[in-house]
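Given below, in the form of structure tokens, are the structures.
In what comes next, subunit A is part of two complexes: it sits with subunit B in the first one and with subunit C in the second one.
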Partner chain A sequence: MDESKNIIHETRIPTLAENTGLFKKTKMRAQRTNRRYALLFLGPSILLLAVFIFYPMLKTIYLSLFLTNGSGHNTVFAGLGNYAALLSSPGYLASLMSTLIYVVGVWALTLALGLILANAASVKVRASSFFRTIFSSTMGVSISVSAIFWLFIFNPSIGILNQIAAFLHLPLLNWATDPNLAMISVIISTVWMNLGFAFLVLFSAFQSLPLSLYEETAIEGVGPVYRFFHVTIPLISPTLFFVSIITFIEAFKSFGLIDLMTAGGPNNATNLLVYHIYQNAFLNGNYSQASAESVILTIIIALLTFLQFRYLERKVSY
Partner chain B sequence: MTSHRSISRFLILISVSFLVTAGLPFTACRFAQAANPKRIKIVFWNEMTGPAQAQLTQFVQKFNHSQSKYEVESHFQGSYEEAVQKILNTHGSNASPALFQSADISVSQLYHSGYITKIQKFIDQDKQFNINKISPVARSFYSQKGQLLGMPFNSSQPVLYYNASLLKKYKITPPPLDPTYADVTRVATQLYQRSGKKVKGMTMEVYGWLFDQLVANSGHYSVNNENGRIATPSKATFINPGSIAAMKWVQDNIKKGNFINYGSGGNASANEIAAFLSGKLGIFMESSAEIGQLTLGMKNQKLGVSYYPHQTGKKANGVAIGGAALWIGNDKPAAVQQGAWTFIKYLESAQNQADWQKATGYLALNRDAKKTKTLQKLYQQNPALKVPSDQLARTVANNANSGIFVEGIVQERIILNTALDQIYSRSNIHTTLQQAEKAMNTYISNNNRANGWSN
Partner chain C sequence: MSIEFKNIVKTYDQSPVLESINAEIANGEFFAIVGPSGCGKSTLLRMLAGLIDVTDGVIKIDGQTVNNVPPKDRKLTMVFQDYALFPFLTVEENIAFGLKARKMPETEISQRVTRAVDMVGLADFRSRKPKDLSGGQRQRIALARAIASDAKICLMDEPLSNLDAQLRDRMRTEIRALQRKLQLTLIYVTHDQIEAMTMADHIMVLNDHHVQQIDTPLGIYNHPANEFVANFFGSPQINFLSGSYKEHEREIVIDTKLRLPIQNQLTKENYLVGIRPNQLDFQIAKNNGGNASLTDLTNLGSQTLLTARLDNGQQLRLTKSEQISMPINQRIDLHLKGQAFIFDPEKKNLAAVSVGVDHG
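Here is the complex of A and B:
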């Protein structure tokens, strides 16, 4: 009870009495108890983070400096040898390139389609709530289900896409199996998966837009396109920025769909960085190389997120 | 108060029911064990799926019924690649298996891990078992320095498949039983031309294993020191007279328009087989393990099978086997190891190997298997099924056709797939293979350093 009084004490407006020794002592004690409380409350989460996040992170950096032998032991110190080997390996650089294509593709399409759908669903028409549910429904679909679902759509012989193409006398495409099309196929399915979340968040932002502004623009006689880019977008920019960052990071981390749909193939066309790490660690048993790849991936994500904060956030009006 | 109480009651109920259900499997296990308290449990890890899994389960059940000393407990462990990691990571713990199935790609890894007891030890101790009954070329794959490390179990070899009905339709003489590259090119060209370019002559999946087998059949080596058989390999030797001839042959067919590329991976082989079954493709090369599926799929058409092709004007050296072997871990008591060995012997018997071939398409490794009624009847019904067995039987084992004794075969296959893909896109054979060698050399030298085999 005594300590809680001290906490209240501290929030008072500072007075001259603060300079007296007695008060200093109380303040120090209050700080100490505050710290104790902070530790008590933060302790469990710090402990969990330390065990499950910080320790593995440090261990990954440590492992990345060694060479792994065939039995999975890290035996010889290699310094930055793993990093040098990676950055000079054509396979890894190709994976880096395809990851960038994938991420930019997923990111841009998810944002664009999310905006279009959210805008469309905000129009008050009959059955609009039905469409809202449909548009956000992909949030409830698990990755494995959607992977199988898309594989059926893309199947070269029985897939609906090729059946439609055959009906319309269009050329038949090997969607998920052609090295040139596989990337497009996984981008389409990832965007479809991510769209539900992007739509829901953006839609809620649309809902909170002040009507008065729109009435004003109507009086001013502003066109809908101009209004969208100069009124709507700035107003929802904080939410858009949030969705952008989340989609971006999620795209980098994509694994499930890749594993189930293409397993990195055909001919490594969809072998994204995360999948490359998985292959190296759990199929090749090359833990040190996989660790080095993880460290590089972390740096890339951190750097690109930082750049987004630096350059995109400027355009955000809170 | 009441709501608080009901919530806590609810929580208690949930935790009690959770405890009860969580305890169930343990009780079930105890009952199962209690039935045979004196039996020694042999935990057996395997990676078989589909018909092979069904047949293996049957073997385990029959073995457990046939005697009362051992109880084999079979656990499925996912893909070969994942299983190796689990085996290496659990070694020495009580979660590790006594007996496990591990693939051709892991031989060197398991040998150097020091985690296995060589099968040779059990053969030497067991006077009743005659190892000479087991296919020599399969044994040499899983041996090092004359010592058998793992017992070959599910084995296959690459063969050449052709659509015999399609060849008949266009009046084309089928390739001989032991075809050369020129023979295959002749058939592929005729098929492509006579069908009005509607039927593609041939394909070879982008699959490093098939490349290695072409090299093996030419009597050359994919890595130095005779595929790592006489000393630790230090370099890849993807460029050799055998590989150059093979790749020239492929590019020649690509130039003629006979060759169609289906890419790599599971989808590629599925598409290749689909095209073959629907009469849009005449010839392809794949594991003999596909034969069952192909026979089923051909229905009204006749399946042709021949040996894996070899260089024109040279004698075929024979191809290596693929598949997996059975290994005994060295972290279990002698009695458990003995049980594992007893089960291995059971699986390798002539009758069980014959049943295994009939059910799965894997080749029966026991020489006496061909004398069983099971296989005699099978060959009578479908003579094509005999071709892979004959190819296995006639192969004289040497260092070129006993697989590559190097760690990182997974890596080697990925590198070769990239190279094959480029060669199929008409890039220069020599430069492409040189790049592949360079990538593999980096891997080998790193691996040798990590193992302390070199500086």
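Here is the complex of A and C:
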């Protein structure tokens, strides 16, 4: 008898008071416990992000609004003064310009060469696994080693480029030290460095292309060029877009090769934004301006990445 | 358009895939190539399409040798197992893709696409992407593309194997109807003997690198060339029993009561006997006599599947097209009511056919 009473009590529709009062309270309690667990699990990564990302980011923005002395202490609040000074400084604008040239050059060449190599390595021939290893091997080379190695290649007297040029009776060039050529040299070595990653990721996309689609195009009589642009590129477009974004951002962030090969020279020809920031902060002790530069760089990268997502991603077929 | 295979050989790294394949396929014929996986049936189809080179032999289309003709000039179309649809194109773009690549005028393309989507019932889905459609609808896109190409030879590589059973039944009928309507010469590769039996005009059975038999579906069912063909076709599967040849009586004896009269003079002592489950019959044995006992019984409604064990230990299946209820271990008298195939024990080929004695 008691039991049946209980069941009736449990299953009847709760009154409005119960619905809004008592029941809500237990629901809220459950939610609060959930949130506590969520915090517990997220805690470690939130802590790490806070110390190494959020704090420096906020501090950078904060610093960019002040003037600092040589030891890095804030002196006077400057508002957007640092930004205004930068945007009217010819040196900074030149650096911005060369960065854009560098980024576009590195981005376009890496993608184009990555595609060509990945396509070539997908052809099944006897030595294809050998070429696959070679093409992706730059992923295992450190920046300092490759900088030295490229400086040897570019060396005006003993470098192999000029030796070949001499052999072919072509003019000898000062690859890394001529202000007009340094940018090209730096782009070439960066592309070489990035190519291993781009190749490997694109190659894996080529590997997963369905054979039947290519058999279909053979029967339909689709030419190789039409097939590449109308079948292969759309099929690998998600991967291509990923590589594009990564290469683009990495190019903006290039520092090591520049520092070791040209140190921003000759005559500031390869003084890219990140290197400019480094010089301002750690050579000139101008922390506030360097902070302002960092903020601008972040905004530029975010904006251009956003634009890529906006316009390029439309053409991606998932 | 007619097709001819003459002494086709295909080897990969010296190991044979196909050996001496010969076949003639008439214009407008539905020709099925059947065999277990790995028997080379897809390879044969791809050689006909020109996607794979022939190691030796000649392929002729309409009397013309096409060994060195590229796929696009063989005037054929192909439907793939995975449908080979472009995931980034809509239904109509998929159908028009090949026509566009061949630079056909826009008006003709749109005419052909409209005709093709109407024919397969996809008119309402023209601007959808394949991923938004069901398996059966994707299959229809592939069919529509084949229709739009207007080629008179159509190759199909296991086109129904990714569909569920009911849909497969329906598509079988639709493909057959389409083939008749467009008068296509259709080469259809499948591992499913039921598909081949229900759709084809002629069937080529491939196994072990060789053609086992080329015949009409009923020819294959009623006169299997060898043990493999007999085993591959027919559902439920044929029974294989061992029997010994008695020269005086002109009989193959499986057990004392299961004796199969034969016309031919045979030479060996022991033979392999193939009996289809529906060619056997039985009576309930009186007084615990009989030659077998029932081991299993499954009622399917329209027919009953029975398994029995002969007293000499051999198992066999039989079907009766009526509903039966009977206890397990029931003693029965088994006899042959129809045909039995006598296979040579070594060469495995058909040595004789026995037409059973009516014990009625």
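We adopt the following convention: the second predicted complex is superposed on the first by the 286 of 318 C-alpha atoms of A that agree within 3 Å, B and C clash if a C-alpha of one lies under 4 Å from a C-alpha of the other, contacts with A are read in each partner's own complex, and residues count from 1 in each chain.
Quick note on the criterion: a residue touches a chain if its C-beta (ideal position, glycine included) is under 8 Å from a C-beta of that chain, and two chains touch if they have at least 3 such contacts.
Worth saying up front: this structure is predicted, and the values here are computed from it rather than measured.
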Practice task
Quick one: on subunit A, after the overlay, do subunit B and subunit C clash, or do they fit? Just give me the call.
Solution key: fit
Exercise for the section: Check the residue A:282 against both partner chains and state whether it touches subunit B (first), subunit C (second), both, or neither. Expected result: first
Exercise for the section: For A:56, decide between first (touching subunit B), second (touching subunit C), both and neither. Expected result: neither
Exercise for the section: In the three-chain superposition, say which chain, subunit B or subunit C, touches more residues of subunit A. Expected result: B
Exercise for the section: Using the superposition on chain A described above, determine whether A:70 touches subunit B (first), subunit C (second), both, or neither. Expected result: first
Problem - Touching partner for A:215 - first (subunit B), second (subunit C), both, neither - result: second
Exercise for the section: Check the residue A:238 against both partner chains and state whether it touches subunit B (first), subunit C (second), both, or neither. Expected result: neither
Problem - First (subunit B), second (subunit C), both or neither touched by A:256 - result: neither
Handout entry: Smallest separation of CA atoms, subunit C relative to subunit B, angstrom
Key = 43
Problem - Common ground on subunit A, meaning residues reached by subunit C in one complex and by subunit B in the other - result: none
Completion exercise
subunit A partner, complex, touching residues on subunit C are 46, 49-51, 70-74, 76-78, 80-84, 86-88, 97-98, 101-102, 149
Handout entry: Touching residues on subunit A, where the partner in the complex is subunit B
Key = 66-72, 74-76, 78, 81, 85, 89-91, 156-157, 174, 176-179, 262-263, 265-268, 282-286
Practice task
Show which residues of subunit A lie in contact with subunit C when the two form their complex.
Solution key: 210, 212-213, 215-223, 226, 230-231, 234-235, 237, 317
Problem - Parts of subunit B lying in touch with subunit A, wherever the complex brings them together - result: 79, 81-82, 84-85, 88-89, 108-109, 112-115, 206, 262-268, 271, 274, 407-408, 410-411, 414-415, 417-418, 421, 435, 439, 442, 446-447, 449-452
